[in-house]
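In what follows, subunit A forms one complex with subunit B and a second complex with subunit C.
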Partner chain A sequence: MITDPGLFLNTVVAGLLLGGFYTAVALGLSIAFGQLDIVNIAHPAFIIIGSYFAYLFGSQYGFDPVLTGIAMTPVFFVLGIVVYRVYYASFERTGQESLSGLAFFFGLMFIIEVTLILIYGVDYRLVPAPYIGVNWKIGVVDVPLRMAIPFAVSMLMTIGLFFYLSKTFIGRAILAVSQDRQALQLMGADPVKIKQVAFGLALATASIAGALLIIIGPVEPSINREYIGRAFAIVVLGGMGSITGTVLAAFILGIAESFILTYASPSWAPAVAFGILLFTLAVRPSGILGRQS
Partner chain B sequence: MALAILRRLAGAAAVLTALAVAIPALTSSPALAQQKPIKVGFSMALTGPLGAGGKSALIAMEIWRDDVNAKGGLLGRPVEFVYYDDQTNPAKVPPIYTKLLEVDGVDLVVSSYGTNVIVPAMPIVMRKKMVFPSLFGLAVNDEFKYDRYFQIMPAGPAPKEDWSRGFFELAKSKGLKTVALAAADAEFAQNAADGARKNAKAMGFEIVYDKSYPPPTTDFAPIIRAIQATNPDVVYVGSYPPDSAGMVKAANEIGLKTKLFGGGMVGLQFAAIQKNLGPMLNGIVNYDFWVPAPTLNFPGIEAFLTKYQKKAADAGVDPLGHYLPPWAYAYLEVLGQAVQATKSLDQDKLAQHMRTATYNTIVGPVKFGSNGEWASTRALMVQFRDLKANDLEQFNKAGSRVVLYPDSVKSGELVFPYRQ
Partner chain C sequence: MRLGGFWGLMAAALVAGLAFATLTNNEYYFTAAYAILQALVMAIAWNILGGFTGYVNFGSAGFFALGAYATVALHKFLPSIGFAPPLVVYVLAGAVVCGLIGLATGYLTLRLRGVYFAIATLALAIVFQTFMNNWGYVGAAKGTSILTPDPPQFLWGYVSFSSYVKYLFVVMLLLALTAIVISRYIANSKFGRGLAAIRDDEVAAECMGVPTLRLKLISAAVMGALMGVAGAPYPFFATFVDPQSAFSLVIAVNSIAMPMIGGTAYWYGPVVGALLLGTAQEAISVTISSELNVFLVGVVLVACVILAPRGLVGFVNDMRAKAKGRG
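And then the complex of A and B:
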């Protein structure tokens, strides 16, 4: 089995596709946690809200989930600004963001779950889309569109965000606020306003990631918990706040998971993923592309 | 003037007379209203991974309660529920049953939905020697051997093996030789896989793939490819709803080639997943417990489903209710019939009755064996057939799921192979 080149290639491709989706899940957290030091444990819960919007517009009006995810990004952006303002006023301004802030986002996660349960119930929700179930065969390699579309959308979103952060004034200010808040203040920029824009961007990615999640499989309100560990592991492995590092880490985890599922015992997949994280942190504490202090 | 007063007095008298007649009629059983209610206590998975099933079970249980109360209650007393959400969290279950029995003072207890939340209730219930009707626990009593445990799911006297016996008997009848087993790393799926492994070995199959996967798996394509690489005749999967959907989608996308595919996939019985997967389900042979088929049309089931489907639409749970709700109604039917037959809430008498009697329920006649499981198996193997995309109503009709096993309720023959 291990010598079959077709199986090997398929395993690599499946890992890349999975890594692409994991990038979308971790991207917002990379900004919030990696660059802004905000332990937004509720990020996967916001992703589930994105899934439910895709479900709502897909089941009621037949809208494509990806288009819904993109169309809802301004709503999530504003939601992010509101959440950050509350977080800032309640915790960050008074310097209580470490433990109280964590509790805030933990509570927010439960509120989101319960709200979704009250509105939609606890049944699994899925969306129809013409590409779900369709497979492209390229030589010996299978490319299921159910995974390929999330991969492509995630990569486009990542590239867009990368250029926004590196080429625009606000993007650079976001990177600056994560490195030296005081220096940014001296340059005449308001760090709080910059951070609220950054947090808005982080949540805007959740809208698209949620749409991608419901394309891949069914969702229910508490499924967000499955992604908390993975998303944080990717951000830390990538090197806190580095977009390129996040992409690399997501691919490493995706490919590792794919190889374990195919060639070894699937039960080991989470242990190997976190094993890679621990090993990397042991030899490179700042993550793959993190700045060495 | 006097005439007007007389006329008003006559009017008032007429109203009072009408009220005197109407009030007893409105409270159809005044004695029932005055009686101390019989409290039935339970925890239920209303949120968490099994929340969808648990909520639909609760609707069915409330229909039973209302039906019983409309007929005068049990022993002339109204039935009342005391229940708490266990969040599908085993750790929440022991304190809930302790509270039900020690603080709420319930007269009867029944279980939550699912093996993982039934097991933690057992020590509490056993200590108080309560009769414990159970809803969809797989092989729970194998370890406890409690003589007051009565399980409504028709797995059979050897639940682990009986659960998949039909699947492997079908495979054997077609002369198939090799088997791949894939199961989720969780109590129910592992129990089901244990039984499948024993059946496969006992019937002489060669197991060419036997692995577990962690429940938060996102993409199942690598597992399906690894299975395909071993080229098995039979693929048996023990999975939970999101995994089942992922497995079926991956099998269709990759074009899994095998002769028999399915077995113990939870979720393929749920309307939302059925509707979404549609034609991807065609040819899969999977377990079920009740489907619309002429051989399973027991008295009361249609009336129950009509009531359930009306309520389910508002509650946002499984709109068809074929899988769990009839059994949630039936396990209370059994308990209620035992109470009426013994004219008692005495747990010794109830247990004695439940060990020996046969109960007529909406899921057919129920008789328990010595270990509290059904005396003989009626775990169905059904095959999905001729399904179209995005059509929920097709699952309400006979023929969309053909019963292949057991012979006593068979409604058609296996269409074979799954895909070559």
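And then the complex of A and C:
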């Protein structure tokens, strides 16, 4: 089976497309966890909120999920600022972020999941869009648009964020706050304000990632948990906050899962991320592009 | 608490539980009490690593479910080779399996910062669920039914139980009291002081010669074993086990919320939290709805970590200290 070149090529392409989508999932966590040191395990739960917005506007008014995702980013940005404010006032300022902060985000994830279940139930929801179900064929390779569109949107978002972080003043300040808080303070910037903006940005990516998620397949509230392992595996493997590393790691995970899907069994795919996570932690905790500590 | 006071209270709890078991036959009470005691054991287990050492375990449901699945697998395997062991064998098996897994997870992740352990346990629960979804021997995704055995008799028939759930209640009561004794013993021992030192400042503890990694590993193993103990009788209690219910997130949230509400730095914190929250949950499930009950646990957990980060016990202690300062 592995000798069939067409199947092999298809598996690689499917993995790349999947990895592109995983980049969108992990990007916000890469900022929050990798750069701000905020262990936001509720990030995938916020992504599911994004999916339900896309579902709501898509099924009620026929809006395109990607456009909904982009339109909702300001809402998520403000939500991120509010969450960070609470987090800062309750935990970061008093230095209790490790135990209580983790429990806070865990509780938040649980509240989001249960609230969505209370409103929408545990049924799978999907969204209508003209490109879902369309298949391009390039040679022997299948390119389903329901994977290709999320891939393209995710890559555009990643490139945009990359340039924002490396070229603008606030972007550079965000990178600086993760490296040396005190130096930033001496330069006349308020680290709390910078972190607040950064966390807002991180959640804004969840809005778009959520829309992409519901394009790829139907969504129900509890699937956020499958993405916690994936997102953290990508961020850790990518080297904690390096955008380039995050993209690389997402592709590695995507391709690895794709091979498991094709050559083993689909039900084992969620275990791949965990394997990668444990392997990275055991062998090279600083990730592929991380600074050696 | 004085030594005599503690053992007196434990004896009183045991006598009260046994009296309760002899005086009534209403099965609902035993079902409810069993659920509270099961949560109590898990809260204590969680606290031994999460509270004493400061390393959060989000995968409580995973360890619990593995304890339950160890029972399911043994219950299928042992009778096929001619054994029908008593419940205590299953409980011990659950403890060993989950203790070893806690140790292994700890070995891979506890050398790094605590958050990696937290994330690893979260992902681990997903992996175990994936595994159980695929393992046909224990029913895979469809689950397994287990017939309720006849209530056993002890001491040549002098001790017997009118129903199996009553027997399970008594077993869980003994397990809960044992867990409390273990937790208190650890908190007051040299080992427990080592754990507290790790929680307060791991680098400083290491510098003072505390063998941090070894203590963390032991702590992770004890945590896992107690989780497994809580899960092992579950298949007989629920009579049906499938991955969806055994790996339920509600179990994980409860075992974190209870110690957090009670106070994680004290051995009696999780006991206070579990009794309060567990009783409130049973009451709300019966009087209002079980969905709302689940929702409230999340809200209470978040509210508690924000408003009373040291739990109710810590809050009361602070109040007392203030009152003393004024008087």
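Please note the rule applied: the second predicted complex is superposed on the first by the 273 of 293 C-alpha atoms of A that agree within 3 Å, B and C clash if a C-alpha of one lies under 4 Å from a C-alpha of the other, contacts with A are read in each partner's own complex, and residues count from 1 in each chain.
Methods note: contacts are C-beta pairs under 8 Å (C-beta built on N, C-alpha and C of every residue); 3 or more make two chains touch, one makes a residue touch a chain.
Here the structure is a predicted model, which means the values were calculated and not measured.
> Tell me which partner A:Asn10 touches in the superposition: subunit B (first), subunit C (second), both or neither.
So A:Asn10 only meets subunit B here.
> Thinking of the overlay built on chain A, is A:Met147 touched by subunit B (first), by subunit C (second), by both, or by neither?
Only subunit B is touched by A:Met147; subunit C is not.
> Considering only the touch criterion stated at the top, classify A:Gly62 as touching first (subunit B), second (subunit C), both, or neither.
It touches nothing on subunit B or subunit C.
> Touch check for A:Gly160: first (subunit B), second (subunit C), both, or neither?
Touch status of A:Gly160: no partner.
> Looking at the overlay, does A:Gly217 come into contact with subunit B only (first), subunit C only (second), both, or neither?
first
> Could you say whether A:Pro270 touches subunit B, subunit C, both of them, or neither, answering first, second, both or neither?
A:Pro270 contacts both subunit B and subunit C.
> Please indicate which partner A:Val122 is in contact with in the superposed arrangement: first for subunit B, second for subunit C, both, or neither.
Touch status of A:Val122: first partner only.
> When the two structures are overlaid on chain A, which partner does A:Ala233 contact: first (subunit B), second (subunit C), both, or neither?
The second partner, subunit C, only.
> Tell me which partner A:Asn135 touches in the superposition: subunit B (first), subunit C (second), both or neither.
First partner only.
> Could you pull out which residues of subunit A sit against subunit B in one structure and against subunit C in the other?
113, 117, 222, 226, 265, 267, 270
> How about subunit B: which of its residues touch subunit A in the complex?
It is residues 46-49, 51-52, 54-55, 182, 185, 211-219, 221-223, 225-226, 229-230, 241-242, 245-246, 249-250, 252-255, 267, 270, 272-273, 276, 280, 315-318, 389-390 of subunit B that touch subunit A.
> Which bits of subunit C are touching subunit A when the two form their complex?
50, 54, 56, 58, 108-109, 112, 114-116, 118-120, 122-124, 126-127, 130-131, 133-134, 249, 253, 256-257, 260, 264, 291, 294-295, 297-299, 301-302, 305-306, 309
> Could you please specify the touching residues of subunit A with respect to subunit B in the complex?
So the residues of subunit A touching subunit B come out as 1, 4, 7, 10-11, 14-15, 17-18, 21, 113, 117, 120-128, 132-135, 142, 144, 146-147, 216-218, 220-223, 226-227, 230, 257-259, 261-263, 265-267, 269-270.
> Could you list, by residue number, the parts of subunit A that touch subunit C in their complex?
39, 41, 86, 90-91, 94, 96, 98-100, 102-104, 106-108, 110-111, 113-115, 117-118, 222, 225-226, 228-229, 232-233, 236, 265, 267-268, 270-271, 273-274, 277-278, 281-282, 285
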